[in-house]
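Here it is: the structure, laid out below.
Just so it is clear, A, B and C label the chains in written order, and each chain counts residues from 1 on its own.
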């Protein structure tokens, strides 16, 4: 079993060539699959862009919807989306992160904890319209919060809560046990370990999860319709900042509103083909917003992960 | 004793032990031959003994080398360490015994050249002492192979007798020399031979000390017989 | 008892392990261990995998309290105040503030070198900058790392090499002025040169702090420790001066392990 003759070496080379053919095959299949997905999305996006190109000028962003297609804009829609996202983030992030931390660091090993875990994963799969129905009954009627920005925000917060919780848990789980032990071995209390180590080191993962959750929420239509977003709004909610005391105004939370997906839906259901252009333009903008948020998530993750080496 | 996980280590240690045993056998053969040559005046045997000493020296070098290698490669501990450290010392003692055998042969040659093997009765005495020493050597080598500390201690006690024997022979020969100066040359030759035998006994004692060190981990050199008794009975 | 043991018991003692038992759930991992820890000396725990040496080490600073299903029996008494470290009434945090640990793989926090070293002080609420600066310099000097990092204290700890990171972890452990320094196989992830420098460091620290080190490398125990304890299957088989254990151990099981006749 020492040296090989040149005939044996030739056999080895044939063997390698044969096996590498499978490498090539699966590489090609992978590229094909990727290309199919990418090209489909790209072509849809490009199609929308082309369709709505004429409408993409600054006026489109500052005009209210109108019965005349050429003058219709997405002002109320994108402002509404932004305001709703603010509420969603403000509610979902603290709740979701705290729940994730509690489940990973504090929860005792008990069957009840296991039940909670299973249910959180299941919640992520519940159809979004169910959230809409829940919100309608709970927020709109029982709590009397009205068909407003705050209701939409709360509904979407519930929707993306499982995503935030799971992202938080995965990020926390990635922290090696030895880091925790090092912190405790230096005399840290549990709270100090969480505050000084667990949260900072899981931040990249949490942020990624939050942004991915938000980029899903921004496109949710069914629950928003259910709780009664208006489809034709020609006004903006009251501004949050005023000139007179107390300078900060929360009336906008209770204002009626609309969001981007609903505006798009509204325009596509009009018979007038000019509105299709609007819809295409708004669609392209919505996709751009989503892509931007995802890019932001990736960039943030890269920046924050640079210092962590495990 | 069970085997090392490393078979190579086992065989390296065994090789040292085998070499030592063989060297012991060679040296024992040398001592007996030298004493026989002295008793019978056998010139051929004398030359043989002198020539064979070279082989003994070569074994000393080979075994020391093997010990150094084992220390470098294996970092032996506990009993293995003691075996290797003791082997170095035992090898030296064996080589010296071989040298003493050579000296006996050479001295015998001188006596034969002088052709003055007068009827000194001490020749028989020396032969008797030689037998004792040869027996000691045989037993200590045996104790080494069997790692028998009790047998080794017994040999150490025997050495006292060999020393006594030498002093008796020396006293007698001094008396002869004083009475008849013509016997001085031959008497001196015999004293030297007797001294060699006595030294062989001392070296056997050293080897016995090495055996006790390997088995018990106690260094019993320079303790004297009382100290030895205490060491052997304690623990 | 031999004179060796009476010699040992006359030395000042920093801690005593008394009738110590340990269970992981139903598994009886450590059985009736009795052992002294001599003050300002290095004691090594050796033995084959699974013998319980790490379990014993981690009991000193109540690391097992972090995990469910573990149970201590017996005492580990710390001198001079005679506190039983295992007493459930003694807060594990108090124990960990008096003892420090260095782990198997270098595990610095993803923070700067400075922040790593003083985390122990921050945890205690020390805020004064000058105090912290002094502590950092002292600890890094004792860990033989000061000269290499003094000009880049605010660089990330991960920029250091493996051996430097482990020395950083040692500095971090020293910065809290521990009474006992616990080492859990500190060089098993390092190359031979880094290992040698850590051993040199341990040698230098010996006069300042009592050290207990677990190692699976017997030669390391022989080089570094004053006392060695051989453990097997949860029992302490033999304890004594390192020289004696490595030249003439009393128990055949110890000898078999040390000479590599363990099969």
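One rule holds for everything that comes next: a residue touches a chain if its C-beta (ideal position, glycine included) is under 8 Å from a C-beta of that chain, and two chains touch if they have at least 3 such contacts.
None of the values given here were measured: they were computed from a predicted structure.
> Minus subunit C, work out the clusters of chains still connected through touching contacts.
A | B
> Measuring centre to centre, with centres taken as mean CA positions, what chain is farthest from subunit B?
In terms of C-alpha centroids, the chain at the greatest distance from subunit B is A.
> If you average the CA atoms of subunit B and of subunit C, how many Å lie between those two points?
Here the centre of subunit C sits 51 Å away from the centre of subunit B.
> I'd like the Å distance between the centres of subunit A and subunit C, where a centre is the mean of that chain's Cα atoms.
47
> Find the geometric centre of each of subunit A and subunit B from their Cα atoms only, then give the gap between the two centres in Å, rounded to an integer.
Subunit A and subunit B have C-alpha centres separated by 92 Å.
> Please name which positions on subunit C make contact with subunit B in the complex.
2, 218-219, 222, 246-249, 254-256, 258-263
> Along subunit B, where are the residues that touch subunit C in the complex?
The touching residues are 1-6, 9, 75-82, 216-217, 235.
> For a test of understanding, state which residues of subunit A touch subunit C in their complex under the given definition.
It comes out as residues 108-109, 176, 178-189, 192, 196-197, 201, 307-309.
> Under the touch definition given earlier, write down the residues of subunit C that touch subunit A in their complex.
Of all residues in subunit C, those touching subunit A are 61, 63, 66, 68, 93, 96-97, 100-101, 103-105, 107, 109-110, 119-120, 122-124, 156, 158, 169, 172-173, 176.
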